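Before I ask anything, here is the structure I am working with.
Note that the chains take the letters A, B and C in the order they are written out, and that residue 1 is the start of every chain.
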Amino acid sequence: MNAKNPSAQPLRRLGDWWEGVVLGYSKRSRPAKIGIGALFALFFYALPLLRPPIITTNDIDFGGVLFSSAAFALVALGLNIVIGYAGLLDLGYVGFYATGAYTTGVLTSQHWHWPFFLALPVAIAVTMVTGVILGAPTLRVRGDYLAIVTLGFGEIIRLVVTNVGWLGASAGIKDIPHPNNIGPAPEPPFHPGGLFAIPRLQWDGFIPSIDHTPVHQTHFLVFGALDAIPYYWLVLTALVAVFLGDRLIKASRVGRAWEATREDEDAAELMGVPTFRYKLLAFALGAAIGGLSGSLYASSQGGYINPQSFPLLLSMLFVAAVIVGGSGNRWGAIAGGVLVAYLPERFRGFSDYRLLAFGIALMVLAIWRPQGLFPSTRARRAKAAEAEIDELEEGAAHV
Amino acid sequence: MSEQTKTIAAPADKLLEVDDVTIKFGGLTALDSVTFDIKRGEILGLIGPNGAGKTTCFNVMTGVYQATSGQVRLDGKPLAKMKRHEITRLGMARTFQNIRLFKSMTVLENVMVGADANSKVGFLNALFRTPLHRRTESAAKARARELLDLVGIKADDSELAANLSYGDQRRLEIARAMATEPKLLCLDEPAAGFNPAEKQRLMELIRKVRDAGYTVLLIEHDMRLVMGVTDRIVVLEFGRKIAEGTPAEIRDNPAVIAAYLGVEEDDDAAS
Amino acid sequence: MHFDVLFHDFAAYTAGGLVYGAIYALIALGYTMVYGVLQLINFAHSEVFMYGTFAVAWVFVALHGTDQVSWSLGKAAPMLLVAVIVAMLVSAGIALLLERVAYRPLMKKGAPKLIALISAIGASFALSEAMGLRDRITGWFGLDGKLSNYVGGARNVYSNPVTIKPHNLFSIGSYNVTDIDVVIIVAALLMMLALDIFVGKTKFGRGIRAVAQDPESASLMGVNSTRVIQVTFLVGGLMAGVAATLYMLKIGSTRQQAGFIFGVKAFTAAVMGGIGNLRGALIGGLILGVVENWGSAVFGSEWKDVVSFVLLVLILLVRPSGILGEALGKARA
């Protein structure tokens, strides 16, 4: 399908291989697809226990790294709906993240003592409402300006939580409870709690064996202070749920409306698409997912949030994750999110150069591969079409 | 030639009424007391030399511009200041002079966007894949395929709109507009860039569309096309209506001839 | 809310705000010109400014050494003059580098704005990080020892060794207007005037206006748009260099992130005044400086930045074209 271009980059071959995989998958029957999907998901649940060589970060808690990768991927999925599907440039997404986190903090620790799983849906709802309130006046504004308004909003949220005592001011909110455990609660130092313990694998080169060290076991399902893996599982579950929801919504008139609005808003309107309504929907859904991630973050291991955790930089990283992965492609968003979270941890030795590398990478990407690492189907199709036309033209020129 | 069977048995019914419409942009009067009707089931042509106000008139009729005075009524209902997508819901759809398809969407998707205009399902239905959603989706797909067949696009459903030939792109735009189930279908210079054979095909398509039950408004520069396919013609010059009647009447109308200075043969030059 | 505080010392808060406003205005010019010509938000302009501030401090280190002293404005004037020239050159240089590396390749491809914004964000990070890592980077070339006076401190605050002591000239209410304040305001107004003349009366200025209004016709008329774009960035950089000098005059120290907050505020000012509108940048800058100062009086100084952002959001919602309206392309600057 792609032109036999002598300068085919490795990325294109990777892209082709991926397309082959996707094509193979799409040819299967429905039950087979569900089966494959389940196995695929299962692998990721097992990943922190399998600890395969090369990928595993040995100098830093692998479970923790997976947790932040999954959390970033979740955020990227949400932002992908806003930027990738609806074409709205949001530079203040951290505002929604913070709203979710702080709502959770306020409900579970600062002023009330709700259990986490009760606070979670409220945090999502509050953030969604915030998204609607922000979106209603601003989505009518031009694209560049929307970017700046959202940036301003993100900063306003951060500054408000820094200065308002009721929200913890600059000290933040602490003692946010962990999600509720399943099974007996841990009673240190002898009873780790939970229903059963799951050991992990250890590797000697490429030879695996079971690691029987008690402290290396994961207790199902205890959200404690030391083991990041249950948190990772929780975020992963949210990720899977959002992913499925995303697929369902995109493959409907909503997805078509978003794409049409992105392509040519005026024409879409004249074809009967209520563009403003669907832009607002995208914004609200994005906000809800941001709130979900923020809430999970608040309740994760530290149980502590403060305004410094929500800088503008984070909004930029979120945007980068979506763009790098390939705006409009949910797998790309996940990949982008994982990359942006994982790479700095994997190459911790170079941590001081992280942001510099990040800045350079963004520029390089923008100039050489603006469609991202895993461009959306339509970007790929458009590129393929272009390549075909180029080929035809070249052929005609040789006649 | 336009004494074709009108599929509507009832006496000629006014679908769109342009009632004494004037529109001024600052000091410029673009339309001056223009009045005419479009009858249900007819093909009406709107012509005039360059700068006559056809596009402005078209935009007022489709609700894009607000008239300074006068009124436009669709099915008796005045077009007040409303959102563009609401006008489409009311029953007016259009194509564009410079083709505005959703280029990175497929052929089928483009038409389905039109069909979605009448959809009653929202995101919750989509999320939970309710029976209503499933029914609506398959109905929209079926309708889209039907329309693609009607306009004569042979390309694959999953072909990108950008990859279609020019002629097919124009036809796709018509299919998309029809998918919104309009009462009035407005075609804005649909023959621009066509060769005579394609224009012939277009004329047949327009007749087919009318026979399928739609009312058509046609803006065109090509006289042969307009004379050949319309039931009635309205002629504008400098923002005023200077003539109205059947193609035969218009052809012999001295005012019209004067306005065009007799260029009624192959008028491909204008576009 | 302490409205009484504000009203009691209204003139003082206003005067104080004007001084910062003048600095915002000069930085805002860079944003507004680039947007006017390219419809691009030059996110990295904040770093153009930041490098200028370091240049000023470095000049003093080079000429005076690292001993901390406190001089009057008069005594510092000669070095200040050198500093402003160097700062202008450095800022302009960074701006031109940006244009060449981060934007021109995209402009050539006709890339969508979003992509250009991403490149701008990347450039912004790259530049500010490079400054923060200056000790490491010079270390690669073995120069960190020789240049330790310049690259020391890395991510921390880098101070100008010469603190310029302000000298009170007169008072407005409880605010003492100093010689530094006067220099700042006068310098800003002079630069504004110079820019006005440049854009209004010179060949380059006409070129800029032409490209801003209609790039295609401009090139048909023989205007070299690449050159024009370069000049636009250059001039924005020069203005930022002056702003950087004034900043160092007033504040005396800088750091890797110094560009960020001033940059965002300057951008707010540009938008407020009408993006693309040079006089708008001036008005916007002054108004922003004043209003945020009022805000800090009424709400407390910790809310100062919130006031700026809220103002930005409100303006964009209520009057997106800004106070004076968007307009680089129009005849009046």
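List of remarks:
In the analysis below, a contact is a pair of C-beta atoms (placed from the backbone, for glycine too) under 8 Å apart; a residue touches a chain by one contact, two chains touch by 3 or more.
Note that the coordinates shown come from a computational prediction; the quantities given were computed from them, not determined experimentally.
With centres computed as the average of Cα coordinates, no chain lies farther from subunit C than B.
Among the chains in view, A has its Cα centre nearest the centre of the complete protein Cα set. For the pair subunit A and subunit B, the distance between mean C-alpha positions equals 45 Å. Computed from the mean C-alpha positions, the centre of subunit A lies at a distance of 35 Å from the centre of subunit C. One simple way to say how far apart two chains are is to compare their mean CA positions; for subunit B and subunit C this gives 53 Å.
The touching residues of subunit A, counted against subunit C in their complex, run 89, 137-138, 141-145, 147-149, 151-153, 155-156, 159-160, 162-163, 312, 316, 319-320, 323, 327, 352-353, 355-356, 358-367, 370. By the touch criterion stated above, subunit A contacts subunit B in their complex at residues 245, 248-249, 251-254, 256-257, 259-260, 263-264, 266-275, 281, 285, 378-379, 381-382, 385, 388.
Interface residues of subunit B, counted against subunit A in their complex, comprise 62, 83-85, 88-89, 93-94, 96, 100-105, 109, 112-114, 116-119, 121-123, 125-129, 133, 136-137, 140, 160, 162-163, 176-177, 180. Subunit C makes touch with subunit A in their complex at residues 39, 41, 101-102, 105-106, 111-119, 121-130, 133, 136, 260, 264, 267-268, 271, 300, 302-303, 305-306, 309-310, 312-313, 316-317, 320.
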